[in-house]
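Letters A, B and C mark the chains in the order given here, with residues in each chain numbered from 1 onward.
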Amino acid sequence: MKNFISVKDVADINALVAKAIAYKANPFADKNLGAGKRIGLLFLNPSLRTRLSTHVAAQNLGLEPIVFNVDKDGWALEFEDGAIMSGNTVEHVKDAAPILGNYFDILCIRAFPTLRNKEEDYSEEVMKSFIKYAGIPIVSLESATLHPLQSLTDILTIKECLPTVPPLGGGGGKPKVVLTWAPHIKPLPQCVPNSFAEWVNAWGEAEFVITHPEDYELDEQFTKGATITQDQDAALKDADFVYVKNWSTYTDYGRIYCNDPKWMLTEEKLKLTNNAKIMHCLPVRRNVELSDEVLDSANSIVTQQASNRVWAAQAVLAEILKNK
Amino acid sequence: MKNFISVKDVADINALVAKAIAYKANPFADKNLGAGKRIGLLFLNPSLRTRLSTHVAAQNLGLEPIVFNVDKDGWALEFEDGAIMSGNTVEHVKDAAPILGNYFDILCIRAFPTLRNKEEDYSEEVMKSFIKYAGIPIVSLESATLHPLQSLTDILTIKECLPTVPPLGGGGGKPKVVLTWAPHIKPLPQCVPNSFAEWVNAWGEAEFVITHPEDYELDEQFTKGATITQDQDAALKDADFVYVKNWSTYTDYGRIYCNDPKWMLTEEKLKLTNNAKIMHCLPVRRNVELSDEVLDSANSIVTQQASNRVWAAQAVLAEILKNK
Amino acid sequence: MKNFISVKDVADINALVAKAIAYKANPFADKNLGAGKRIGLLFLNPSLRTRLSTHVAAQNLGLEPIVFNVDKDGWALEFEDGAIMSGNTVEHVKDAAPILGNYFDILCIRAFPTLRNKEEDYSEEVMKSFIKYAGIPIVSLESATLHPLQSLTDILTIKECLPTVPPLGGGGGKPKVVLTWAPHIKPLPQCVPNSFAEWVNAWGEAEFVITHPEDYELDEQFTKGATITQDQDAALKDADFVYVKNWSTYTDYGRIYCNDPKWMLTEEKLKLTNNAKIMHCLPVRRNVELSDEVLDSANSIVTQQASNRVWAAQAVLAEILKNK
């Protein structure tokens, strides 16, 4: 693995998941793999789980992590080619990236979308610029359109829980995995649902259903292969795993249309499922996206899911280190 | 020791002080005690000494510290049970704490009071929530009402200085320790005086006097056992140690009533004492709380006191590690 | 070496450069030199290259670095002697510095000028206060008037490139080194040009020319020994190295007078030179200070220059450690 930006960078999802599970059993199995190497964690946006879990994963491999809050500790970067930099941006990625490439062995970057310009966001300019100019492996800590470390954790957590949920609700002996839109008070990126859809489709070992209100269709490049419906109840029927997540509109970009509280996942709706495990990437707005009763029930695996972030990150960093 | 939130978590103050003094003589005596373990330092508020000294202490024990500014690098946490999270808080402590509990082996937290709601502040909701949900040892880096790492340092520093101050001014061969209120321009928490009072009372090896203007009474649960007077001069008489500190009102909560500059500790007032050692937790507003002449005199032990923060933190972390 | 504040702290520039070049060839040659020692990196202002390169350099020597953003993680410091601290400053350097001196073995500080008061800035109060009160070696990460780690990198980079640029354009077999003012949208400190001038003059192995518009004269204490001209074209003629940098006015302090875009370095102007190597300390405002065509050409050595920051910092820290 050279970079880790999307599922396309992964040759074998199940092998990568197996590696992560092995690290969970033995965190220090490769404790010298990264000895004498440095990993930069660059944040253009806030982060809790991703930041801490990647930091811990790096240390488990003997890497020296250095965290840098680009926006707070540094300054605004310019990404436009040929820009006359007489505005607010202080440094061009063309100048910053190669130097970071010399200081570090691996560079991890978090850079949210603006949600103002779909073409710009979906061009993944930030990640692509760093790949182009840094000259070292780039790992996404969530980009404008995807969150691959989260999705790897999600698949890993589903696989971990599979033995506990037979008989499976999906067809052909597969688990039924449902991604359901949920209300929220702010317009959120499409990264997590895009990425989850892309990974579940690439994984291919689930019956995959996406449900959302009218106007919330996601980009087909990620969802193609999934069953998509606006009937949440039908979608939830016999589900083994329900992934709850809000996102803003994709077509008329970055907006909140319907925000109907009926879409919040409650205990009542849980009854439609095959006693489904409930997933969420966190942070979650309690009693807006998901009710307390569901989050605090035995069905919720959100803590397990978030705790697995360490092992997903560790597997990815190890793959990159072994490839160097 | 499981958690370190107040003096009640300490079985034997003198033994803990002795441990800290031993680390001061030999900082790396237990340099592998924390090997392979991680400590999270979470800041909901700014910090200099507490942050740096705890970081250094952790490293001295071989722990890997990870610092996280919850407010700046992350987002606002919700602590109210059952909250409908459609406001400014982004994540509930119920969701965040268990995950931090999985990422770390020990979790240290700084969370100041709001000074707006006495019941809320004095319920110590933040610390109690983390203890309840994180599932790992919690260390206070200053909470809404207490600052136990500071108080341990304070007792340690007094004990270190005892041999240099005979004959003692207190009765029964004990040192006379005076906590005096001082003016300040802002309403400050009661944490440091509450905690100091609680520790000196629990320690029991001093004649302890608290002096402050009318209206500045502290919560009796901490001060009980001390002599309390509004006559600063009488309090200072024959004092061996004078702890200078501002605090806002407790009864009519979080306010500034009297702010009489006559309460500032000066060289003139020092003459009333038994050539007392002068203490302050820092940061100190020079020439507002304490005059330059006192702070720059040989009587001031504020640097020694602040430097001892490392050894106090190291003793506490070591106790917790040995108990795990 | 005790402190590293200016070139005056350096006994032998060429020896220090040789040391840095040796570390570049073998980064871990002294990987245990700093074992059990701690270095504090204090930032009163933002930083990217200086922060990261010094962090990496410290780790290469086995030092444990702790980063502290004084302004964001802490609070405003007071530097005035005798101040009545009833304003915005929370802690006096007299109180903070000795404690940092006890927590750390080396203290690195970045503190920009205000550009409001020349006398204050040029008194280097911040650095001098820390030297006076911390009691441990102080390393400037850029001060009010100088940026010595940058200048050491600059000399190192010039020396590295020398073998590739004969025949030399300067007299007496020396390279011709030109420092040219460039336009910018904001009033910038004089630190980099001051420091570069001071170092090139002290080094003495170049024909050194400074060119800038009227009103942009630098402080003579740093420039003395250089040829100074307002004719940029004449200055650039036969140059082997061109250092491009904006600065605000020194005499009428901290202002922007002329901001003529004609002073931007372009490919056209490059033709006047001896196929000169182009230098800049970064961050650079593209197409304001320097054109894309120059920055993206083979003449630009800005990435090499910035990457060398690690080795310059490592040489300085090693010198200080060996002296302890």
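Things worth noting here:
Note that in this section a contact is a pair of C-beta atoms (placed from the backbone, for glycine too) under 8 Å apart; a residue touches a chain by one contact, two chains touch by 3 or more.
It should be emphasised that the depicted structure is a prediction, and the values quoted were computed from it without experimental measurement.
Because chain B and chain C carry the same sequence, their contact can be compared by residue number, and under half of the numbers here are used by both. Chain copies chain A and chain B are related through a rotation whose angle, from the C-alpha fit, is 120° to the nearest 5.
For this pair, chain B with chain C, the centres built from the Cα atoms lie 40 Å apart.
Across the assembly, chain A contributes 72 as residues in contact with two or more other chains.
On the side of chain C, the complex with chain A involves touching residues 28, 43, 46-49, 51-53, 55-56, 59, 69, 72, 185, 282-288, 292, 295-296, 302-303, 306-307, 310. Chain B contributes residues 36, 38, 40, 64, 66, 68, 70, 72-75, 78, 82-86, 90-92, 94-96, 98-100, 102-103 to its touches with chain A in the complex.
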